[in-house]
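Okay, got some structures for you below.
The same chain A turns up in both complexes below, where it pairs with chain B and then with chain C.
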Partner chain A sequence: MNDDLLLDVRHLKAYFRSKQRTVKAVDDLSFTLKKGEILGLVGESGCGKSTTTKALLRLIGNQKKEYLEGEAFFEGEDLIKKSDKQMQKIRGNKIGFIAQNPMSSLNPVFTIGNQIAEVPQMHQRAAKNKAWSIALKMLQKVGISDHETRAKQYAHQFSGGMKQRAVIAMALAGNPSLLIADEPTTALDVTIQAQILDLMVKLRDETQAGVLLITHDLGVVAEVCDRVAVMYAGKIVEQAPVDELFHHPQHPYTKGLLASMPKIGSRKKLIPISGHPPNLYEMHGGCLFQERCPFAFDRCKNVEPPLHKIAENHQSACHLSSERMNSF
Partner chain B sequence: MGKYILHRLIIAVPILIGISILTFFLIRLVPGDTVTAILGTNYDPKLAHKLRSEMGLDQPVILQYLIWIGHVFMGDFGTSSFTGQPVLSALMERLPITLELALLSLVVALIIAIPLGVLAAYKHGTRADYASGTFGMFGISVPNFWLGTLLILIFSLHLHLLPSGGYQPLSKGIGENLRSLLMPVIALGTAVAAVTMRSTRSAMLDVLNEDYIKMAKAKGASNARIIWKHGLRNALVPVMTVVGIQIGYLLGGSVIIEQVFALPGMGRLALQAISNRDYSLLQGTILFVAVTFIMINLIIDVIYGWINPSIRYK
Partner chain C sequence: MNRDYKPFIRVDHLKKYFPVAKNWRGKNSQYVKAVDDVSFSIDEGETLGLVGESGCGKSTTGRLLLHLLAPTSGSLFFDGQDLTQLSKQALWQKRREMQFIFQDPYAALNPRMTIQDSLHEPLKAYGEDKRTRSETIKTLIDAVGIPSQYLNRYPHEFSGGQLQRIGIARSLALKPKFVVADEPVAALDMSIQAQILNLMKELQHAFNYTYLFISHDLSVIDYMSDRIGVMYLGKMVELTDRDALYQEPLHPYTQALLSAIPIAEPKRSKKKIMLKGEIPSPVHPPSGCHFRTRCPFAKAICAEKEPEWVEMKKGHYVACHVVQEAHQ
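Here is the complex of A and B:
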């Protein structure tokens, strides 16, 4: 096995079952993440991005109606097979989680320092003052000025950007080798977004942690990611290094996403992707994107296109791109 | 914080004056007065007239009030027109009993209700949840005097385990003291426990859906830590408000419970004062109960600020 490989997800499935139906939120997802790499997981709302993070952290899969299958090797160990007790030792310790909404992710009744210090207290059994000094160090690391005073303050005394920095400090306090960031900048102002993204890149450079960055924002992807996986309806439809994906998108969905993104200086009208994402509980055979795809043809209706290698490091799940490859 | 408490105490003064005005005039609306109550069947108009002028009851009501409140401000609550005992010393004798009954009921209720509410929320939709829900319904629906009577029937008359009534002061030993208050506390506290349990459950259910709970889980916190550390303190914020309201119920309910268990507290004193038309005694009693209510609520507000740091008292 590759030494650099940090996370190897294979055929991950996360279904939600109710009496009437099964929602396949994540369906047969496979991807890898190397040490020190930032992988962007992109897709529109409801495509299963967040469910993927929750599945990896095993925040789902513990109830009857939640069904989890597949493998997710993290540092050689399968996360999906771990018990909840074992996962408690991994969460916050080896895997840091940066939540989507910093405004509500901090506990309002404890000081920020207390919440960060809790991480080394739980995972390293650090004494109170040791944990507190770690908390101070983390706050300093994420660029909070006057961190000694700030550590004693509460969430309501922090601005949005500072809250997200505090959440990042919390995620880093266990010195994790994998950071999972679920839309870390969505709730923030654009100017603050850039600061937070810079911070994440800087921290990645320092710690050499792998980062799984969940986002729907292609601008964010272009700015910080090394590699991108595009998700659609619970599956990865295209995967490539970031430059390759932006310059040579293969899958019609990726092309659609790029065409619907505004570009500075361009007066061209934005082209939306017509239609809606499919219902995740009434999926039929064939390509999931066929109904919205301008290039769909007969085979798309019947045969689901597999994720196909079309170039070094570039995969796409489209009959067209695989055909083009074959014709070469 | 000191400033805030002072501020609250100053605000309490007009509230208390308002309460005193209400009681003063309301009791005078009741037919009959002190004199008719004292004389009873030996009523003699001449004697009555003499007594009334001695007591100042022949003066205009407003003047009577001003004289009384003026004395109160100087710490003189007058004397009971029935027993001749100074009102203040009568109140001081009775207040500790009511306070002990109310506070003990509150503490016992909270100790039972909060863990039960947390458990019901954590196990919501299970049998434990339904069982505590049933207890909640029972506690809210059952009248306290009925529960008190039932307890006396079972534990005093049939099982001879506990005294059916009467108060044993602390000077007779804490065991005796608690034995005499056990049933009153259960009778009075059950409803408080039920209401608190239900509000704890719903507050905890809300809190457990919050993002910071998911965050705590993602940090690797154990379930126990998530519930008792991250969850409970947040859930207590709305619960404390409910508890503050319950104080009024406890003080009001003690009037009935003291009657059922023959406890010589403020409630019994107030009832006595009403039936005797013992004006100064009644006014003093109500004023004391109001002060107690305000003070306990102030304490709860201070605790509230400690639980929830985003509330800054200025």
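Here is the complex of A and C:
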């Protein structure tokens, strides 16, 4: 097995059950993440990107109505089999998490410095003053000027971009080897987004942590990611290195997404994907994209296409791309 | 583009100040200058795009143009008539010709009314009889691509994209001449976004609407607009044809904004202009040029004097000391 392998997710399933129906939010997801790599998980709302992160952090799967299955090897150990107590030691320590909304991931009644210092206090049993100095160091690392006064301030005294920097500092305080960022820049303005993305890439270079970046923005993916997995209705439909995906997209959904995106300076008419995403509780057999797919044929209705290897590092879940490969 | 016809909408030195604090006498002492001395015009059948980051005053400008907010000062000509001078009754009649498309389609429609009833409302308000109303609605709903058998459904039975289509249908029910669209696609997924943008373009083509299109997303603005205005902290900093804005942006803020946008083309060698810091508070904007605190080219004069709104080339307006000096 590859030494660089940090996260190996195999056949991950996360379902939500109610009396009448089951929502297959994440259905049979497999992917890997190497050290120092940024993997982008893209898809539209409701495709299961956020559920994937919650499943990996085991924030779901503890209740009867939530069903979690599969394996997720993180540094050789299966996260899905861990007990709650064991997970608590991993969360915030080896796995850092950056949420979309920095306003709701900070506690309004504790100072920013205190909240960051809590991480080494909890996980490394660091003394109070040691933890404080770690917090200061982290704030400096994420580019907050005047960090000593800033550490004593509260969340409401920070602007949006500053708060997100503080959240990143908190995620990094445990020195994680895996960083999960769920739409880290969606709530921010573009000029601030550029700063935060730049910071994340710089920190990755420094710490060699693996980053799982969840986003709906293909532009963000193209700028920072090394590899991309495109999700649709709870499944990965295409996975490839970033260049390959943007220049030779194989799956009709990926192609559709790229064609429906306005590009600056281009005068081409947008080609939208017709229809809308399927209801996750009214799933039928066959390919989930077939209703919106311009190339759908008989087999798509009955047989679900598996994620097929079409080139080195490039997989696509489409009957057409696998057929094309077989005919060679 | 043909720039010879008379301006359909003309805005001169438009200002809107919102009071935020009172002094001990109970008089307003502090203001947010949401829109501060903005002048521009829109031709008939043209789309003017307004772009800027949150809090720059683009939505307030949109509301002022429909006279949903009374301006603090300045004049506003709609089809040759000054809206600020009209009586309530006359304004109400004029309102027929101008409409608004909202950002959040879920919030824009009454959840307890069927969409049929919602669509009847504007027509009822202007005293159309029942038969014409029903006929108008049939053609409208057809034009925006919603099957007419859905008319008796409630908003929760539709997806976001469908609701936005219905919202557009309602805005167009009274056959307006001028439509303000405030972030109409910001709440929608990428594949749906393209559907709505194309629909708005087709409708404009068919009925010769004049649009003011507001968005924070430069690529969406670029796709939709004939001319683009860039706003920063209540001021318009640049206004020109979309091609000129993209090919030779003059204002440092426009340049930074363009370079900050993540482009869906990996490994493109692009030099990023990273802006320092964050947007200052609009209650205490910097003296002189509002952008000077983040501007990489700021000089002494920028702190002393507000830059004037100057036409540098035909139809290309900029408010920047540095650019104006360089041209002299």
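Just so it is clear, the second predicted complex is superposed on the first by the 328 of 328 C-alpha atoms of A that agree within 3 Å, B and C clash if a C-alpha of one lies under 4 Å from a C-alpha of the other, contacts with A are read in each partner's own complex, and residues count from 1 in each chain.
The working rule: a contact is a pair of C-beta atoms (placed from the backbone, for glycine too) under 8 Å apart; a residue touches a chain by one contact, two chains touch by 3 or more.
Keep in mind that this is a model prediction, so the values were computed, not measured.
By the touch criterion stated above, A:M170 is placed in contact with chain B alone, chain C being left untouched. Contacts of A:N93 after superposition on the shared chain: chain B is touched, whereas chain C is not. By the touch criterion stated above, A:V109 is placed in contact with chain B alone, chain C being left untouched. Once the two complexes are overlaid on the shared chain, A:K269 sits against chain C while remaining clear of chain B. Touch criterion met: A:Q195 reaches chain C, while chain B stays clear of it.
In the superposition on chain A, contact of A:V26 is made with neither chain B nor chain C. The partner that reaches more residues of chain A, of the two candidates chain B and chain C, is C.
Of the two partner chains placed around the shared chain by superposition, chain C is the only one that A:M162 touches, whereas chain B remains out of contact. Shared-chain residue A:L41: touches no atom of chain B or chain C. Residue overlap on chain A between its contacts with chain B in one complex and with chain C in the other: absent.
Contacts from chain A toward chain C in the complex involve residues 44-45, 159-162, 189-195, 197-198, 216-223, 242-243, 246, 256-265, 269-274, 276-277, 292. Those residues of chain A whose C-beta lies close enough to touch chain B in the complex are 57, 59, 87-93, 97, 99-101, 104-110, 118-119, 122-123, 154, 156, 167, 170, 174.
Across the complex, chain C meets chain A through its residues 53-54, 159, 161-162, 189-195, 197-198, 216, 218-220, 222-223, 246-247, 256-268, 272, 274-275, 278-279.
The residues of chain B lying in touch with chain A in their complex are 210-212, 214-222, 225, 230, 233-234, 237, 307-310.
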